[in-house]
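In what comes next, chain A is part of two complexes: it sits with chain B in the first one and with chain C in the second one.
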Partner chain A sequence: MDIFSRLIQRKFRNIAGERYEKIARRYREFLLLPEELVLPEINSILIPIDRFSGEIPSELYETLSAYSGASVTVVYVSEKRTLSLIEQTLGKEEAEKLRRAKMDFAGRLSREIASRLEKYGLRVETKHFLGSKSDDVIKLMENENFDLLILSRSYGSEVTRTSPVSPVVLKIVQHLERPVIIY
Partner chain B sequence: MEQTVIAVAVFLFTYALIISERVHRTVAALFGAAVVLFLKIVPWEAVPEHLDLDTIFLLIGMMIIVNTAKESGLFEFIAIKTAKFAKGSPMKVLLLFSVVTAVISSVLDNVTTVLLLTPMLLYITRLMEINPIPFLLSEVFSSNIGGAATLIGDPPNIMIGSAAGLSFNDFIFNMGPIAAVDLVVSLGLIYLLYRNVMRVNKAKRDRILSTIEGLNEEEAIRDYGLFKKSVTVIIGVVLLFFIHDRLGIEPAVVALTGASVLLMWSRKDPEGILERVEWTAIFFFIGLFIIVGSLVETGVIDVAARWILGYIDTTGEALVIIAWFSAIASAIVDNIPLTAAMIPLIKAMGSSMNVYPLWWALSLGACLGGNGTAIGASANVVVLGIAAREGVRITFMDFLRVGLIIMLTTVGIGLGLLWIRYIGV
Partner chain C sequence: MRILVLIDGSKWSQKAALHAIALAKRKQGKVVLFSVLDRREAKALAFNLGLFSENLSEIEKFEKEIWKEMKGSIKGIMSTLLELCQKEGVNCSFRVVEGSAKEKILEEANSGQYTLVVMGAYGRSGKTRIGSLLEEVVGLIKPPVMVVR
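Up next, the complex of A and B:
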């Protein structure tokens, strides 16, 4: 009977495979089962930022105000590999100078975001460290059980017209099963 | 003689490829057509004779109308409205969705109809937490039965109408009553076979009702202006079909007029709409017409017709044989290539008997024979394909067990009605 199942699938692909994908996407916009209509409970939020992330839009702050009382961790990850490359090419001193500059920038940016988030009744913690922008965010989400991840679409690298979402963001979302907001 | 053998070989090889779907059916048909053209079995000058432009343009016109209307969210709107009318009752869901599917399929193509209604049906059965199989099967059967009712409901009818010069009203008059009776019977059979699984308790029904009531059909409409224009044009086109013979215009002209009016009125980007015309289906028809043309050119069709006439003496016998042969064959081969091959055969039989009733026997067999197996009609494949993607497994045997009963019953009833009308009791 497997032959027939394969035959039906081949015929389906040829007759309407692509058309069905479009229709199914369209239906998913407004057909939700009752369990899908329940909003997930959000108690902890992770917001990774870097120099590419840009400003968080005010609409997103307003969205986050719905989770008043939740704890937010704003984390600035500096790419360790970039600093290692600089150390190898320009020397330890230049690398250290860059690291300090990055940490200062991270501190300023995190504080700025934290103060705005606190105005919406959220408890904010900031962190900055050297590591991998993608792997460390995935690990943090998994190990510390954050309920929601908020990412800029340009987190990790600049975006272009042809690649409107950074590859770092794509990698992160492909590895997570938790809700993600991309701004 | 050599050309005859090649024409038959190409025909059989192409049809085998279409059944197996090892390559896309359009590619198979075009390849076969290229071979018979390359070998000059069908001379280039004779190609226009074999290409049935009425069928091709009628299909193109209707595809443009459907594709434009689809953009408005019309079909999702109908699906939500139907779900609301059913009020969470499994029996009403079965009945309403089957009737709506049959009615839409009688005007628009079956594949589009089931593509747009099946997701909604699956959603409702998930809400009801009941086995979706009877509902999906009923949708398939209703689509094929509804398609049999009119000239524009199913491609075999378009081909038959064009080849025999039959009007929209001829189909309504001859096939409409058969389709109506068959729809009632098939619903009755589905109910008898699955009545035990179609029960939902009161509490669950209330919960389903509140969820369905929460759906807003207005949200499904993406473009309200286009929605109204599409409905107006579809109604206008159907009305024109009713009087096309009195006006002396071909059905293809009605469809093309409707398509151009909708494009002009909606100001939709024609490039986008024309891109979505199913050109693979159109080229499938073109390839088939040329392959069957090679059988006509080499005299194979005449020989086959003479051979059949050697065994058949009366129109009544021919009626029974054509209806059952096309029903059984179309449960195995797609009904489009089957009809393409049968049309010249019936035309050739016209020299010895009244073939008018035979067109209806062919329509009956080709359209309703598709209910017999899971691969008998495109609508079956589409519904089963969608079901598989959504985690509902309907095997070939599951389908065959019910499909065969439906096919034998509906073709039997249809044949009985044709017999009463044209042969007498």
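Up next, the complex of A and C:
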């Protein structure tokens, strides 16, 4: 509270004067309010992964270890549209084969990440679902009230030198109000 | 653990600092508050001020004053955050450099000293869209980047 007051006073010193209260209310979008000047707590983390995600770097494990005690959901997302296309072009049997292969891969990758996270004192749950890599992650974050999202910069598609962050990641980041770590 | 926080004076960069301080507190890590001041910004503001006040002859004076205000303002925010770090028992330092924001941020963030880079999602122009600087630098920073709203 004290820090906030001093910050405002310094910003508006000799400018706002008696109109300080009115100005502070009108421009609250630009000001850090007293209720916001608290250290945030992270209790639940969502980590969506897919075949593009790549390995989680050791620096990120180190960062996540700061949230020991938090619950982490590692979710492998397979794009539903891709499987539908396979089914339409190659038939149901081929689509089913691909779905099973994806499930196996998802299971292995999720378990590998989960076991490393558990070593840092995090409680981990793994999931696999078919859906939209962007919209369903946004919905999950909002509906299940996760505090933090962790995304690979290549989640959803391969990245290039000219586009170092996948468009799927940019779409998700633009739609969320919660913090996101991009690795 | 060393955390680099990019401070541009916006509310969102200060919120980013809060996340960094919370993390450093749990890991006994160090927070480095980093800000880049671009003289071209002061120049552009002075030009607009001169234009709108129909006083272009004073433009150099405006630029000087705006530059001084920019430096004072960022240092004020830094000292507020340093005080908070001190209160929370977090090791913290700050650096203010001059130059192009993108260039200087990439130089510092990719210097190999940091475990994590933390930045606000929006710039000083407000919450209209994700910051253009963020879009430009996030993919080029080597350590993981935390984007805060």
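In this text, the second predicted complex is superposed on the first by the 144 of 183 C-alpha atoms of A that agree within 3 Å, B and C clash if a C-alpha of one lies under 4 Å from a C-alpha of the other, contacts with A are read in each partner's own complex, and residues count from 1 in each chain.
By definition in this document, a contact is a pair of C-beta atoms (placed from the backbone, for glycine too) under 8 Å apart; a residue touches a chain by one contact, two chains touch by 3 or more.
In this text, all values refer to a predicted model and were calculated from it rather than measured experimentally.
Peer 1: Applying the touch criterion given at the start, work out whether A:Arg153 contacts chain B, chain C, both or neither, answering first, second, both or neither.
Peer 2: Second partner only, chain C.
Peer 1: Which of the two partners, first being chain B and second being chain C, lies in contact with A:Ser65: first, second, both, or neither?
Peer 2: A:Ser65 contacts chain C only, not chain B.
Peer 1: Is chain A touched at more residues by chain B or by chain C?
Peer 2: Result: the larger residue contact count on chain A belongs to C.
Peer 1: Check whether A:Val180 is in contact with chain B, with chain C, with both or with neither, and answer first, second, both or neither.
Peer 2: second
Peer 1: In the overlaid three-chain picture, which partner chain does A:Arg26 touch, first (chain B) or second (chain C), both, or neither?
Peer 2: A:Arg26: touches chain B, not chain C.
Peer 1: Identify the residues of chain A that lie in both the chain B contact region and the chain C contact region.
Peer 2: Shared contact residues on chain A (touching chain B in one complex, chain C in the other): 7, 10-11, 30-31.
Peer 1: Given the complex with chain A, which residues does chain C contribute to the contact?
Peer 2: 1, 10-11, 14-15, 18-19, 21-23, 25-27, 29, 73, 76-77, 80, 83-84, 88, 115-116, 121, 124, 126-127, 129-130, 135, 138-140, 143-149
Peer 1: Touching chain C in the complex: which residues of chain A?
Peer 2: Against chain C, chain A makes touches at 3, 6-7, 10-11, 29-32, 36-42, 57, 59-60, 62-63, 65-67, 153, 159, 163-165, 170, 173-174, 176-183.
Peer 1: In their complex, what parts of chain A are in touch with chain B?
Peer 2: Those residues of chain A that touch chain B are 1, 4-5, 7-17, 19-20, 23-24, 26-27, 30-31, 33-34.
Peer 1: Report the residues of chain B in contact with chain A in the complex, numbered from low to high.
Peer 2: Spelled out, the residues of chain B in touch with chain A are 20-22, 24-25, 76, 111, 115-116, 119-120, 123, 126-127, 207, 211, 215-216, 219-220, 280, 374-375, 378, 381-382, 384-386, 388-389, 395-397.
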